[in-house]
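The structures come next, written out as structure tokens.
Here chain A shows up in two complexes: once beside chain B, once beside chain C.
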Partner chain A sequence: MKYYPTIGIECHVQLATKTKLFSEVDNDARHKEPNSCVSPVDYALPGMLPRLNGEAVRLAILAGRAMNCEINASSRFDRKHYFYPDSPKGYQITQFYHPIIGEGYVDLPSGGKVRIEHAHLEGDAGKLTHFDSYSLVDLNRVDTPLIEIVSMPDIHSAKDAHDYCKELWRLMIFAGVSYGDLYNGNMRFDVNVSLAPEGSNELGTRAEVKNLNSFRSVERAVEYEIKRQSKILDAGEKVIQETRGWSDATGETTGQRSKEEAKDYRYMPEPDIPPINLSEEFIATESAKLPLMPKDYREKFGEIIPHDTLEILLDYPQLMRKIAEVAGVLPEEFNSGHTQGRSAKPTVPSQTSSATPAIKLLSNLFASVLLAEEKSAEYLNDLPAGKQLGDLAEMNAKKELSSTATKEVFLRLFDPQMRNKDTRSIAKELGVIQENDLGALEKIVDAVLAKPETQKAQEDFRNGEEKVIGFLVGQVMKESHGKANPSSVQEILRKKLA
Partner chain B sequence: MDINCETIEHLASLSDFSLSDEEKTSLTNDLQNIIKYISQLDELNTDDVAPTYQVFEMENVWRNDEIVKQDANREQLLALTKEEKDNQIKVPKVL
Partner chain C sequence: MKIANKTVTATRLVKDALEKAKHFADYNIFTFLNEEGALKKAAEIDAKIARGEKVGRLAGVPYALKDNFLSPEGDTTASAHILEGCASPVTATAVEKLEAEGAIMIGRANLDAFAHGSSTENSYFGPTLNSHDKTRVAGGSSGGSAVAVALDIVEFATGTDTGGSIRQPASFNGVYGFKPTYGTISRYGVVAMASSLDCIGFFTKTPEDMDLLMSIAAGQDPKDMTTLPDYYNTNSKASPVHKIGIIKDFDNDVVDANIRNALKDKCELLKSKGYEIVELEMPTLKYALAAYYIIQPAEVASNLSRYDGVRYGFRSNDSSNLDGLYENTRNEGFMPENKRRIMIGNFVLSSGFYDAYFLKAAKARTLIIDEYNKAFSKCDFILTPVSPNPAFKLGEKVNDPVAMYLEDLMSVSLNLAGVPGLAIPAGETAEGLPIGLQLVGPRRSDKRLIEFAKEII
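Let's look at the complex of A and B:
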């Protein structure tokens, strides 16, 4: 039988705050010793008082606005009880009843739309490492601020599940709320999959695959679940509602435990943390800090940059911002249009049309030259100045730089020592500026035409041997030490030999 | 609310406690009494009263996002646990 899959995704995003959600210790535990970023609050020692990190509230507002969500004026925390060694408190502080982020939606690049049910702030759990007869607990990750983003069941294919997760990742890194380092677990996905016979209005029983940490595993896990559940339904059996784990190695999901019922978490209001009450003005001020987002770049550059190139560059906020800077689309100008209202459409300055060649050139250089470089990751952290890249584009447009020379100068610009030099002097030092001065070129052409070894070629050309023009252009190029613009040279030659 | 031996067993399993039959009986009694005592509040009509989430009228108690050196160090905190290994807390196998 044919089945229609319905997929909902919960995504945990670690926020890029300096300190944890409820304690004043270092939140960035990458490359740090186990249990070295831990305070008595994280240890849940008796009498410890958690204190809310204001920056986490601000980042949550930005994350919410990035997903076109309402920001709730009033939100508060609850305790979710469970017993496990990754949580010394015996409960997680989360927002069950009144989350900070309300309804919204995420547009997929393919044109689809996934509604956001809500998103809430909560603390992460510690990390367990399992051995044969024991487990070890590292509490560095305890109460790292998270927002958990809960989608509506609007996804119906493995591909859309992949695209939704990737788009969420982009929204979070463009908004600057998370480092988005998937390898280090900055974003983790739980995927609910259910199948119903095609045409049926009822949803089937769902299984949840937990803790996926790449877009590819989300896609593969959904594909696997659709196959697994189809087989069960075809055999006339029932899908069990359960939590399943995913193995990248085997490409399979396996049952973990039957889902605990919600009431078993015994949610209760968190008495230690007073509620968050946000004024309209505060929400508006914080929302206005949202920089240009992927959809803005698609809107602005979609007709200038080829689709595939743009989608590659949209994985790199730094590169898109640099292109926008060179194109004169400054984030500041852009942001004045942002408000809390959903209808607020950003207006983009129109003077960018003259910047079209620069946008085309830079997007191409970034996508096919920079990202192909071995040191590209290093380069991304220290990009050339906007003026340097703008000048590069201008020199290229005026044909002062050939496409090869443009690439050479472009890569040279990434040398940190070049940061205070202007592009023209760098190109001069490299000796790659093309001679376009027609007077100067003519002199070189005349010199070449006066040489005895070019006489035969000139005669052949006059007798209709078209291809010898290449030889003559080559001679001029040699004479100019490669700096002449070949098409200008050919033009002059043809005039002179006519 | 009906508190019986099964309620206690359920709660114990959620917290991974093992209880003797004696403890189960006495805890059932204790919890019954506590619930009974608190249930006196049910006599009040609270139809028009908003739920109380917060007894102090505080809001937005936020701190700055700055790292502060902690008084307790890792060694002191690890010393509070029953067993440690490689600077981590060692617990019985849980998965």
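Let's look at the complex of A and C:
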């Protein structure tokens, strides 16, 4: 039988705040010793009280706006109880009854739309590492601020599930609310998959695959579940509602909690944190700090940058911001860092035709030169100044730099020692500025045409042997030590030999 | 209470207090005596005075710290086995403020484990005895604190009041006990019982001392999001008091005749001083105890979840796996009353019963808040008994939880409403047991309330 899959996705996003959600301890535990980023509040010493981090609230507002969501003026925290060593308090502080982010939607690049049911703020759990006869507890991650984004069941294919997760990731990194480092678990996905007979109005029983940490594994897990559940239904059996784990190695999901009875989390309003009440004005002010989003870039640059190039670059907010800056639509500080640069109100780029060549050039250089570089990860953290790139584009447009020279100067700009130099002097040092002075070029051409070894070629060209023009251009280039602009040379040659 | 820095030294005061504490050892008041630390601090203060340096408002004043306040001096046990041997790396905000003014903690005072109880009989370290009759209970949960002040061992003691835990032991021992408006004093560093009800307060021998302590301890604390901005030291103009309300609903046989008579006497006294006595009907207060014994155990169950033997405190040796570790540690580490509240609390929060119990209790709480607001539109303060009975016999109610809970009948509604209440000594019964009355005010009327107490003496 044919089945129609329905997929809902819950996504946990770690927020890039300086400190934890409820304590003043460093929130970035990457490369830190286990249990070194933990305060008495985090490890739940008796008598400790949570202190809500305002930065997390502000980032949640941005995240919500990035997904076109309502921001609720009043929200509240609840306690979700369970016993496990990754939860020192014996409960997680979350927003069960009144989340901060309300309904919204995410547009998929393919044109689809996934509605957001809500998203809420909560604290992350610690990390356990299991050994044969013991387990180790690392509480560094305890109460790292998370937002959990809950989608409506609007997804119906593995590909859309992949695209939705990737688009969410882009929204979060463009909004600057998360580092978006999937390898370090900055975003994790729980995927609910159910199948119903084609044409049926009712949803089937769902299985939830938890803790997926890449778009590819989301896609593969959904594909696997569709196959697995189809088989079960074809055999006339019933899908069990359960939580399943995913293995990248085997490419399979396996039942995790079949033995365990349904959990009762005994939710209770968190009495230690007063409700978050946000004024309309505050929400508006914070929302206005949302930088340009992927859809803005698609709208403004979609006609200029080829589709495939644009989709590659849309994984790198810093590159898109740099292009926008050079195109004159963003102030400089938008490029200076990850969570910085939200202070200035983004201006929607008004596309001027003069900026078009620069946008084309930079997007091409970024996509095919920078990202192909071995050191690209390093380079991406420290981009050249907008002025330097702008000058590069201008010199390229004026044909002062050949395409090869442009690439060479472009890469040279990433040398930290070049930070304070202007592009022209760098190009000069490299000796790659093209000779465009037509008078001077003409003199060189004349000199070449006077040479005995070019006489035969000149004659052949006049007799209609078109291809020898290449030889002549080469001779001129040689004479100019490579600095002549080949198309100008050809133009002059054609005139002279006509 | 101010130390006479000419005639007596801090060292003398602390030595006297420690001697008295030892003299009354059979009352089982302290879980820890801070001999070394207290004498060291006293010597520092004496040296300061000798050098002519400025000292705080409580310089050299010995006090008892209820053993659910965190400080590095002595283990913070909350009189619970599961926290035995737990040294704290942090200091409660309230303790910090008192010590900054020079107060000297001479010992940690006994309480019902985790402050669960009305008699201090639920302490892992055994009950504290009543200051007036050693066959009777001290009241609770702050029994040790009340008796330490009543026996004149210390000038004051700290307490916590979730449903009457300061006011009831104060009235059982004939001292002043104050539960401030919710959020007046920071809860940071105090072992939580039921977070939305817990209040930090004091035991003293006079209203003047209470006022001084409140002016020191009150104020907003960034470490406790539920604290109020300091109104205690800023509300300048107190409007004059005219009308005192009494609650008709409490004037019945449930209340001991001695206590009813004491209340009548005080009303006569107030009338003679020109105050008007207003009779109030507050019918929703009869739901207070039921609502309290749903909300409180729910928050208790939640707050006690952290005691799992994984990170600190007692851990059972008898555990071969994770569930066993939890079960055995909590089974051996908690007192029967702790377990009772954990079970009630988890029951009322469980998914099938949340609406029927917790949510309904939360609604009742709102009605009780409204009831108090209405009452305070008719009078300035309310005068009521603290508890239906004077101190009862040791062991009398320990096996009858409901009889024990009924002790809280007149005290818990204040915690649900967040309003302040001051227990005032009001004579003795024919048997010589102290009687206490409580003066109740609207939220943030704390300073006026304490000042008005002088009128009733």
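Going forward, the second predicted complex is superposed on the first by the 470 of 498 C-alpha atoms of A that agree within 3 Å, B and C clash if a C-alpha of one lies under 4 Å from a C-alpha of the other, contacts with A are read in each partner's own complex, and residues count from 1 in each chain.
Please note the rule applied: a contact is a pair of C-beta atoms (placed from the backbone, for glycine too) under 8 Å apart; a residue touches a chain by one contact, two chains touch by 3 or more.
Predicted, not measured: the structure shown is a model, and the values here were computed from it.
In the overlay built on the shared chain, the residue A:36 is in contact with chain B alone; chain C does not reach it.
In the superposition on chain A, contact of A:130 is made with chain B only, not with chain C. In the superposition on chain A, A:474 makes contact with neither chain B nor chain C.
In the superposed model, A:44 makes contact with chain C only, not with chain B.
In the superposition on chain A, A:264 makes contact with both chain B and chain C.
Look at A:79: by the touch rule set out above, it reaches chain C but stays clear of chain B. Once the two complexes are overlaid on the shared chain, A:302 sits clear of chain B and of chain C alike. Counted by residues of chain A touched, the larger count belongs to B, out of chain B and chain C.
Of the two partner chains placed around the shared chain by superposition, chain B and chain C are both touched by A:52. In the superposed model, A:274 makes contact with both chain B and chain C. Once both structures are placed on chain A, chain A residues 40, 43, 45, 51-52, 81, 83, 85, 90, 137, 264, 269, 271, 273-274 are touched by chain B and, in the other complex, by chain C. Residues of chain A touching chain B in their complex: 17-19, 24-26, 33-36, 38-40, 43, 45, 51-57, 76, 81-85, 90, 128-139, 264, 269, 271, 273-278. By the touch criterion stated above, chain C contacts chain A in their complex at residues 68-70, 76, 78, 83, 86, 88-90, 92, 187-192, 194-196, 222-226, 298-299, 301-302, 304-308, 310-312, 322, 326, 346, 349-351, 354, 358, 362.
By the touch criterion stated above, chain A contacts chain C in their complex at residues 40, 43-52, 79, 81, 83, 85, 88-91, 137, 264-269, 271-274.
Of all residues in chain B, those touching chain A in their complex are 14-16, 53-56, 58-68, 70-72, 74, 77-78, 80, 85-95.
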